[in-house]
Amino acid sequence: MVSSFDGVFAPICTPFDTRGEVNVEALRQNMARYRAAGLTGYVVSGTTGEAPLLSKDEKRMMYGCVAEMAGDSVLIAGTASESVRETVALIEAAAELKYAAALVLTPSFYKVQMLRAETQVAFFRAVADASPLPVLIYNFPQMTGVDLPVEVVRELSEHENIAGIKESSGDIDKAGRLIFALPKGFDVLIGASPKFHACLCLGATGGILAGANILPRSSQTIYERYRAGDVAGSLALQQKVAEVTGIGARYGIQGVKYAMDLKGFYGGPSRLPLMPLGEGQRAEIEALVRDVDDELSDV
Amino acid sequence: MVSSFDGVFAPICTPFDTRGEVNVEALRQNMARYRAAGLTGYVVSGTTGEAPLLSKDEKRMMYGCVAEMAGDSVLIAGTASESVRETVALIEAAAELKYAAALVLTPSFYKVQMLRAETQVAFFRAVADASPLPVLIYNFPQMTGVDLPVEVVRELSEHENIAGIKESSGDIDKAGRLIFALPKGFDVLIGASPKFHACLCLGATGGILAGANILPRSSQTIYERYRAGDVAGSLALQQKVAEVTGIGARYGIQGVKYAMDLKGFYGGPSRLPLMPLGEGQRAEIEALVRDVDDELSDV
Amino acid sequence: MVSSFDGVFAPICTPFDTRGEVNVEALRQNMARYRAAGLTGYVVSGTTGEAPLLSKDEKRMMYGCVAEMAGDSVLIAGTASESVRETVALIEAAAELKYAAALVLTPSFYKVQMLRAETQVAFFRAVADASPLPVLIYNFPQMTGVDLPVEVVRELSEHENIAGIKESSGDIDKAGRLIFALPKGFDVLIGASPKFHACLCLGATGGILAGANILPRSSQTIYERYRAGDVAGSLALQQKVAEVTGIGARYGIQGVKYAMDLKGFYGGPSRLPLMPLGEGQRAEIEALVRDVDDELSDV
Amino acid sequence: MVSSFDGVFAPICTPFDTRGEVNVEALRQNMARYRAAGLTGYVVSGTTGEAPLLSKDEKRMMYGCVAEMAGDSVLIAGTASESVRETVALIEAAAELKYAAALVLTPSFYKVQMLRAETQVAFFRAVADASPLPVLIYNFPQMTGVDLPVEVVRELSEHENIAGIKESSGDIDKAGRLIFALPKGFDVLIGASPKFHACLCLGATGGILAGANILPRSSQTIYERYRAGDVAGSLALQQKVAEVTGIGARYGIQGVKYAMDLKGFYGGPSRLPLMPLGEGQRAEIEALVRDVDDELSDV
C-alpha cells in the first residue's frame, strides 16, 4: 500500500461538441463548478468519460487538460485496456502529469481466461510491477462480466504498488466482505452512487461516484455526515438523491449528460454507438431531477 | 443481401514468437495445411486471432499476409471495435485487399445502451452505410454480454450491405429461430463448433468454427456429409470431434493453440493477459486430442 | 434399464369445472380425441396437469380415470414431491393400476443441497429402490432451478429400475450430450415441444410434449416423418407448429388450456394462484392458433 | 397494517430422531435455551423447519408444541404451499393457537405465471382476504426463483391484513429500496443473517434469522446495539459472527443443525432428500464455530 484515497471523486464526463470533438471550454466550466462543490478529486478517462470511444491521443489530452484545471484536487487516470502493453503505456502518460494513481480495469473480452483467479492476479501484478503510479483495481462486473472475488483482491492488496479498489459491482454485501478481508489502509472506493451510504456503514473509504457529476455537493455531504457520526442524516440524504445519482446505471452516460445539462453543467452529446435519449427517457430524467436540488436546503 | 458464404471457415489464430511478435513464417505453414484440407475460407483478426490484443497496424499486417497466402479462398476481416469510427477504419483497410466481407462485432462495454434494440440497429446501420465491404453481423454474447435478438437481426437483414450473421451464442434453438425468420440468401454461419451439425439440421448455411483450426478436414467433412444427405454420418462425426473442437470454449485461445501444436500446426504462445496453460490443462487437452485424428479413417 | 418409451406422449391437463373441481366428463372427451390422433401415450398428474395444485386424493383419482379411458396407450404417472416418502406413496398408488412408469421430478426447494450431484443421485436411488414401477427421471430446471448434469444422469442410468429421462430443459445441446453419454436403450424423451425435431436429429427417443395437448396429430407426425427419414418434412412441420406448441412455455398452463378450447378440446379454468389470461394474451393465442390446423393438409 | 414485529426471530429447526420422527423433547430443550437468550420470537414450520418435508399433520403438531413452550414470545406460523386452498387451511390451524401472524411464501412452481406482478398480487390478496391471522409476505427468491418487486410489495402493503414482509433475498440494496417505499409501520424483517446489520442501517425493523438458531444471543445483541446507537459495535459483532450465522446459506439446514449440535442445542438429522454432511463439510463447520462463542465476552 502506498497512498490513501478517502473522500468523494467524480469520474468526469468527456464533453463533446456537436461534431463529436472534445470541447475543452465546456470541460473548464464543469471543473470550476465541481471544485466549488468541494469534491475530493476526479477520475479522468474512466467509464463515464467514454474512454472506450476515445483514441489514445484523446485520452492523453484529457489527462493534460484536467491536470491544468484541477488545482490541488486528487487526480486518478482511467487506463482501461484489454492488454498489459496498452494499459502500461497509458499509465506512463499519466505519470508525467500530476496524477496520484491509475484506475486499472480487469480485461474481459476473453472470459474463459479472465474468469480464472490466476489470470486476474497475474494481470494486475504485471501492470503494477511496470506502473510508475500506484494502481487502483477497478471492478465493474456489470460492464465486464468478470467479478473479481474477495480473495483475489486480498491477495493483490499485498502488492506494494496496489493501493486500493474501486468496487462498482453495486453488491453491498460483497463490499462489506471486501472491507473486512482487506488490510487497514487499503482503500475501498465505492462506484455505485445509490449504495454509497450503505457501504460507508460497512466501512468503505469513500466513493468514485458517477452521480457526483450531477449532484457533487450532495454526494460529498453524504460522506461528510457519515464521517461526523450523523448516520440518520446520511441515510436521509442518500434516499433523497438515490434516483438522481442512479441515472447512469439506468440510462447510461447519455442520461448522466442530460441530467448535467438540466443542472447547469455542460453534458452535451455522446459518441456513437451511444445514441441520444428518446423523448420519453428525457421526460423521465426531467421528472427525477426536478425535485432534487443540490443546495441541500431541505434535508 | 449481397453475397453468399456457404461452407466452413477457420477463424485463424495469430501466431506469435516467444517475444510476442507476429510470426509470419508460422502463419504461412498453417495456411498451407489449411488450404490442403479444403476449407472454404478464413476469418482474419477475429476473436480466435486475439484481435483485442493486436494494435491497429498489426491487424492490417495480418489482413495483408493472409491475403497473399490464401489463394482463391474466401476471406473475411475481423473488425471488432467499440466505436463506429474505428470499425469503419478497419473495414477500409481490408477493402483495399481482396476481402469478401467484414465481420462486425456488437460493441458491448456500455451495456445499458447496447442492450437496447434501437442502439443495436443504429450501430450496424451506421457501419453498413459507411462500409466498402459487405457486413457480416457477429453475435457472440458469451464475450460481449449482449445477445442480438432475432427481430433485430431480421430488421438488419433488409439492409443491402448486410449479408449475413455469425451466430456464436451456441444456442441451437435461437439459431433455428433466426434461420426461420431471415430471408433466403441471408447467411447464417454458426460460430460454435460442437453444435455445427445440429444447426445444419435447422438450416444453417455454414460455420466459422474455431475447431477448424485444429481439425480442418473433419470440420469440412461434417458439412459435406450433411449436404450430401448423410445425416447419420454427419452426426457421428460431430459426436466424435465435439470435445476437441470445443477446446476453445473450454480452455480459451491458448487451448486452441496448444491443440494445434499437438496436431502439427504452429500454435505457440498468446499475449498477456492470456496465460500459458497449466500442466493439468495441457494433460487434459492431450487426452482429448490423442484419440481423434483428422484423417477420418475410422468414422 | 427395464422398458422402452419411444414415441409421443401428451402430459394431459386436468380439466376443472367452474367451481375448481375435476371435470371427469371433459377428461373423457379429450382422451377420446387424443386416442383418435394416434398418440403413443399419456402422462397423468404432471406439470401440465397442475399436480402441485391437486391433493393426493385427486392425483389418485386422475390416475384411475385415465387408466379407464386410455385403452392400450402407454401410461406414465406424475409423482412430483419434495420428499422421498411422498413420492414413493404416489408411485405405489399408480402401480396398482396399469401404469408403465413413474415420472419423478427432482426436489428443488432446498437448493443448496439439491444442487449437489451427490444428493441428486441419492434421491433418485432411494426412490428407484423403493419403487414398484420403472422410474423416469424428470429434469425441468426452468421450474425447479436445478439442472441435473449429464454425468449424474449417466450414473443413474446404471440403476436397473431407472428407465429413462424426460429432459425438459429446452437446451438442445445438452440433450445431444445426454443422448451421446447414455447407454443405448435408456430413453431420452424431450419435454420441449418446439425443439422436438432438433432433438430427434441428435438421437432423442421421443417426446413428452405439452404441445401435443393442442396439436396431437402434428406432434405425432413430426416424429413419424423423422423416423421415416424425411428430415426436411419433419423440420418444415416443426417450424409451422413451433409457436403454437410453445404456448405453454410462453403463457403457462392457462395458455395451453385456452388453445385447447380454441381447438375443440375442453381446456377450461385453472386453479389459483394460476389466473385467467388477460384479453391481450387471449388475442395473441387466438392469432397463433388461427393459422395452424392439426390436419396437416398444407405441409 | 395490523401489528408490529420488531426484534429478532428464530425460524426454528424441526428436530427429528434417528427414525425421522419429530423429537418433542429435543424441541423443548432448544426452546428453553432460546428463551433464556432473550429472543423476541419464533417462526414455526418455516424453511429452516423443513416444512416442505413435513406432512400437514406434523405442521399442526409443531404449531401446537411450540405454542405450549414459548411463553410470551411472539409466534409466527410458516404456511408455505403452492395453492391458496392449502395455505389458508394451514393458517386456520395456527389461528386456533396463539399465533400472531402467518408467514406466506410466494408459490413458485409455475414460473411463467408467478413471475407476473398481477398474479403475485392476486395470490397474496386471496390469502389475506381469507386469513384469520395477519399475513407476513415471505420473499425468498433463492429458493423460489421468484423475486417480488418493490412495487408489488408496496401495493400489497395497502391491504389491511398484510402486516409486513420477510425479505430473504439477501439483496441489501433491495431491502433499502423496500424500506424507503413502504409506509411507516409496515414491518421489514430481514431473512439473511450475515446482512442484518447492513439492513438495520437502512431502516429494517428486525430479522427472522436462521443464524439465531445457532447464536441467539449474538443475533439479538446486534439488534440491541444498533437500536442503542452503537453502529460500530453492531458492525463489529456482525463481522465476527457473519460466517457462523451464514452456515445455512452455505451448507443448508443440515449445516445449521450440525452447528447447533456443536453449540449444545439438539440439531440432529434431517429428512431425505436432505443428506448428512460429508466429513469435509463437518470439519469446515467445526472450524467456523470453534472461534465464536455466543457469550459475547470478547466483542
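Letters A, B, C and D name the chains as they come in the text, with residue numbers starting at 1 for each one.
Assume contacts are C-beta pairs under 8 Å (C-beta built on N, C-alpha and C of every residue); 3 or more make two chains touch, one makes a residue touch a chain.
No experiment lies behind these values; they were computed from the predicted model shown.
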{"item": "Comparison of B-C and C-D (more C-beta pairs in contact)", "value": "C-D"}
{"item": "Most remote chain, CA-based centroid, reference being chain B", "value": "D"}
{"item": "Inter-chain centre distance, chain A versus chain C - centres from mean C-alpha coordinates, in Å", "value": "51"}
{"item": "Geometric centre distance via CA averages, chain C-chain B, whole Å", "value": "38"}
{"item": "Overlap residues in chain A, where contacts from two or more other chains coincide", "value": "none"}
{"item": "Which pairs of chains touch, using the document's own definition", "value": "A-B, A-D, B-C, C-D"}
{"item": "Partner chain C, residues of chain D touching it in the complex", "value": "47, 52-53, 82-85, 107, 109-114, 116, 118-119, 122-123, 126, 142-143, 145, 249-254, 271-275, 278"}
{"item": "Of all residues in chain C, those that touch chain B in their complex", "value": "170, 172-173, 176-177, 180, 194-195, 197-198, 201-203, 231, 235, 239, 242"}
